[in-house]
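Here chain A shows up in two complexes: once beside chain B, once beside chain C.
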Partner chain A sequence: MKNLLRNLLHSSKFVAGALIFILILLTIFIYPLMFPGNPLEMIGVGTFAKPGTYVSAYDAVTSKKETLRLSDADDKRLAARLSYEDKISMTEWLTAAGFDISDLDLDDTDELLDMWHANYSPDIKPKGMIKAKLNYFKRLNNSLLEMSGSDNYLVIDRTDEGDEVKSKINKTDYVNVKDIANTKTLPLGTDNFGRDVLKELVSAAKTSLQIGFIAGIVATLIGLTLGLLAGYLGGFADDIIMFITNIFTVIPGFVLLILIAYSIGQDQRGPAVVALVIGLTSWTWTCRSVRSQVISLRNRDHVNLSRLSGHSLVRIILTDILPYIASYVVMAFILQVSSGILSEAQLSLLGLGPKTTERATLGLMMNWAMLYSAHTNGSWWAYFPVILTITLISFSLNLMNTGLDQVFNPALRD
Partner chain B sequence: MKGYRKYFRKKIIWFLITFVVAVTLNFVLPRLMPADPVAAITGKMAQGMTDASAVQEIYKRYEEEFGTNKPMWQQFFIFVKNMFRGDLGTSFSQYPRKVSDIISSAIGWTIALQFPAIIVGWILGNLLGALAAYVRKGFDKVLLPISIFISNVPAFGMAVILLVLFGVKWKIAPISGGYNFDMIPNFSWSFIKSVISHYQLPFWSIVLISIGGQAIGMRSMSIYELNADYVKYARFLGIKDTKIVGYVFRNAMLPQITGLALSIGTMIGGALVAEIIFSYPGLGSTMYSAVTAADYPLISATTLIITIMVLIVTFLLDIVYGFIDPRVKAAQFD
Partner chain C sequence: MSEQERKDYSNAPMCLSGKGVTRVFGIGDKKKVAVDHVDFEFHEGEFVSIVGESGSGKTTLAKMLLGLLSQTEGEIYFQGELRDLSGERKKKQYWKGIQAIFQDPFSTYNTFQKIDSVLLDCINMRGGKNLPKEKKIEMMTEACSFVNLKYAELTNKYPFELSGGQMQRLMIARIFLLKPKILLADEPTSMVDACSRATILDMLLNLRDETGMTIIFITHDIGLAYYISDTIYIMEHGKFVESGFAEDVIINPKADYTKRLISDVPKIHEEWDLSTV
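Right after this comes the complex of A and B.
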């Protein structure tokens, strides 16, 4: 055992995989302790709020202000307000009016604005431009002038007795973020339901891992039991078990999974049931390999000796055969866990995932993101972290598996 | 040749038994669903009707049409009889379209997408894996972790990433469908061009996924073979390296073919989900719409077709394997 552990720690792949996996596990357990609360709480009203820190605008207005004179404040303000489409329109007009913009950088808002203010005039009517378009540019110009024009906003408190001017906010007024009572950091923004994606992701990863583990345990137990029986008993039991196993190796597990998940019906399909179904459809691999290994062990001397001593079937299997295939079973289990997580995600994308309103899974998060077309509207935070999490989990599990493989099969060692 | 005949006969019998089990499962499982789909379609048709007897009449008509008023075993025989005539029933959700109609318009897309992609991925992966095993140091160190990482990206994840990068961000390729939505399938140059441009992203996402897994498998197999006694002996005899690599490659290939046969089902499953991401007009998207609409004739037909596809591919790979592996040949002559 000690020797095995030392070998494992020498395998860089196993160590790397284990580290990533432990890191994921730690995040899953520690993050909810640091930031408690319901992960599925819909804090946002709109869909897909960008990642970042949100500062209460209401609190900012009433907080204590300091005056800071920053020379580039105006430019930054303009650049932030000027949308990409506006910039494109501006270059469009400039080109149509015959100005050379070939060396203009779209990211350099200053230069673009300077050029615009220097050249634009409502009287220039580029050839072929229709009236509506001309008016559009007139409006754009006005709004550009307005943006840089106004100096302050008045804050008005609207009460029953009438409006009362509370304060005036100048361009040079600044508020310290620490003074604002309500700020909220959403490292990964919100999803289509307005939920905190990071919090949801952590709890989804936990559920998905649980699904993977249940599926892996079920599949390994079935595969191991059937494989042991088929391999050790041989004869008729072997024929029957291998008949079933061969059939279910060829019929794709994915198809069976869809059919069973569908026939269970939406209401009964909780995370545990989905995990069970995944386990029930993915044991064939384990069964086949366990059987072939048991067959090679069956006639070893120590097993024969045990049999001659009159030990029971259970005892022979547990003490004389199982220890020899344990390493293989552990590796198969690791792979089952990672494929279980993947199966859940695929099922959910087909609309056959766990039906639940209390818990999120990685597959369901992906499904929601796709249904609300996060991928086409640029909300990368709703789907990319999910893909990355699935990939990292199965990457770490597979690395550990490869590491174990190298330890047990010296021929593969680097 | 006699030995081969025995081998093929055994394989064909297996194929038939599995086929029967698959058909039975395909029939029984969706029909175990607690909800009554006939009631659902009646409800849709009878919207706004107040006359209860008329609604009942509609329900009866539909029961008749879908054959759900007969006992299960009778339905099964009707199902099997119709299946051999190529009739897979009527779709609930796209009523009155025939299921076989919907399937036949989708299956071509899936086959044309998945098989070239899986084969290209398999070949590229094996070449890379063999190369990694032969070169080992350095190359192996960089390539292997990357391969393992990429092969662990789920197929749908790779599809989404490619779609966002090449379709949405750089606008190099179209993001959904099998051809431009304003076109009618025909044999014109512009249509073929449109099909090819829509083909790119789904194709490469499947290829990228399969490369990694195959490369890893091929690498371990090749390393295993490179350490075998016959290689050492051949080196000792002074046989040229290129010749030895040829032998090693061939021997390492064999388990890879079996591996492909055993994993083809999983690969197709993953690729079907990737189809949904691209709204590719194949079986994956058909299955998705069937699941959303609780259309069980369509679900059992798509799963059946997929199973048959996998069965045929597995069968063909078994046959190919029998020809390539000399041990199978030898075993049959005993």
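Right after this comes the complex of A and C.
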């Protein structure tokens, strides 16, 4: 036992895999303690809010203000408000009016604005430019002037008795973020239903891992039991078990999975049911390989000696055969967990995963992102972190598996 | 080890006998007859050797005698009655009467269990399950001292901490505890060094003299067989080609195969002629 542990710690692959996996587990258990609340609560009204810290504009108006004179404040403000399309239009006018903009950098808003203010005049009418276009530039110019022009906003509370000036916000007014009562940091933004993606992701990873573990346990138990019986009993029992196993092997597992999941119906499909279905369709390879190992074990002398000592079938299987294949079974179990998580993701992506109202899973999150076209409107935060999480979980499990292989099979040690 | 005084056991009560015992592996083109209609009679207290080269069917026959493998054809009689191995209870009863020592001591033990459990199993099998712990330890100590091992040094050890010779001696201690009617020793000395070999053979003979059990000794070494057995069966391609008292078989061999086996025994005082091999 001590030796095994030492060998495990010597396998860099196992240690790396275990570290990643433990980190994921810690996140899953600690994050909800730090940020409690329902992960499926719809906090946003719109869809796909960008990742970042959100500050209440309402609270910002009434918070205590300090005056800061920052020289580049105007430029930054303009740069933030001036959209990319506006910049393109400005260069378009400048070119049409015959100015040389060959060494103009579009990212340098200052230079562009200087050039614009120096050269633009509503009187210059470039050739071939229609009236509507000319009016557009006139408006653009006015708004640019306005942006750099006005010095303050008035916040007015409009009541029946008349307007009352609540507050005057100067350009030089600054509010400390700490003084604002309501701020919300959304490290991964919100999803299509306005839910906090990070919180959802953590709870989804937990559910997916549970599904993986249940599926792994079910598949390993069935495969192990049938494999042990088929291998040790041989003869007729072996024929029957292998007949069933071969049928399950020949029918593509995923098709079977889809059919079973579909026939169960959306309402009955909780995470546990989906896990069970995955487990019930993925035990065949465990069964086959356990069987072949048992066949090679059952004619060994120590098994014969155990039989001669009058031990029962169950005792022989548990004490004389199982310990010899235990390492293999542990490895098979880890792979089953990993493939269980992937199967859930595949099923959910097709809309056949657990019902959508109660708990999020990694597959369901991808399904939602796909249904609401997150991939086409650039909302990477709705699906990319999910993909990364699935990858990390399977990667860590497979690393551990390879590491265990090295430990148990000295021929693979480097 | 001194050369044994041989006795004639043909009038002793029958212990294990067989008629037309056959074992076939595979079907169709792959059919292989491992043991082909063999007849045998083993008597109580007899030291029998079954000699044959690898692949002659010795081990298959041994497994059938032990009841680990069923015969395709033929009957095996245990103490004069037709052997019946249907059901776990009958098998358990049979195995109280016949036990074995296997060839490779390193694969005979379950490497996950301590040595004590092997010996405790024997006491339990002999109906000593409810004996006080002290009594059990006393029995195990006695068995170990019979094979020149110290129980106190072995307790709580795992099999892989022992040497091959020690493991094989412990197997004999196991037989000493079980005291079966028949001991089937399948090449028990082929995997241990020459020194341990003599000790082990000596212990087997002591065991026979003390308990009067029948020992069926399976070997490929006809010299060894001649040295210790009362009766020898020569096996070739699944058949007994010759059998009889050790003296008769070795001094006046009738079958060609026996003659060849005898001529192949290396003689230390003569120069070896490898050209005929």
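Basically, the second predicted complex is superposed on the first by the 395 of 414 C-alpha atoms of A that agree within 3 Å, B and C clash if a C-alpha of one lies under 4 Å from a C-alpha of the other, contacts with A are read in each partner's own complex, and residues count from 1 in each chain.
Just so it is clear, a contact is a pair of C-beta atoms (placed from the backbone, for glycine too) under 8 Å apart; a residue touches a chain by one contact, two chains touch by 3 or more.
Owing to the predicted nature of the structure, the values given are computational and were not obtained by experimental measurement.
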Assess the superposed three-chain arrangement around chain A: do chain B and chain C clash, or do they fit?
fit
Going by the contact rule set out at the top, does A:G351 touch chain B (first), chain C (second), both, or neither?
first
Which partner, chain B or chain C, is in contact with more residues of chain A?
B
Quick check on the superposed pair: does A:L399 touch chain B, chain C, both, or neither? Answer first, second, both or neither.
first
Is A:M370 in contact with chain B, with chain C, with both, or with neither (first, second, both, neither)?
first
Once the structures are superposed on A, label A:A60 by its partner contacts, choosing first (chain B), second (chain C), both or neither.
neither
Mind checking the angle chain B, chain A, chain C on Cα centres after superposing, to the nearest 10 degrees?
60
In the overlay, answer first, second, both or neither for which of chain B and chain C A:L305 touches.
second
Contacts of A:L209 with chain B and chain C, given as first, second, both or neither:
neither
In the overlay, answer first, second, both or neither for which of chain B and chain C A:P323 touches.
second
Regarding the shared-chain residue A:V290, is it in contact with chain B (first), chain C (second), both, or neither?
neither
Quick one: smallest Cα-Cα gap between chain B and chain C in the superposed arrangement, Å?
7
Residues of chain A that sit at the chain B interface in one complex and at the chain C interface in the other, please.
none
Over in the complex, which chain C residues touch chain A? Could you list them?
63, 66, 68, 88, 91-92, 95-96, 99-100, 102-104, 107-113, 121-122, 125
Under the touch definition given earlier, write down the residues of chain B that touch chain A in their complex.
14, 17-18, 21-22, 25-26, 29-35, 136, 140, 148-149, 151-154, 156-157, 160-161, 163-164, 168, 175, 216, 220, 223-224, 227, 262, 265-266, 268-270, 272-273, 276-277, 287-288, 291-292, 296, 299-300, 303, 306-307, 310-311, 314
Of all residues in chain A, those that touch chain B in their complex
246-247, 249-256, 258-260, 262-265, 267, 285, 338-339, 342, 345-346, 349-352, 366, 370, 375-376, 378, 380, 383-384, 387, 390-391, 394-395, 398-399, 402, 405, 411-412, 414
Across the complex, what residues on chain A touch chain C?
300-302, 304-313, 319-320, 323-324
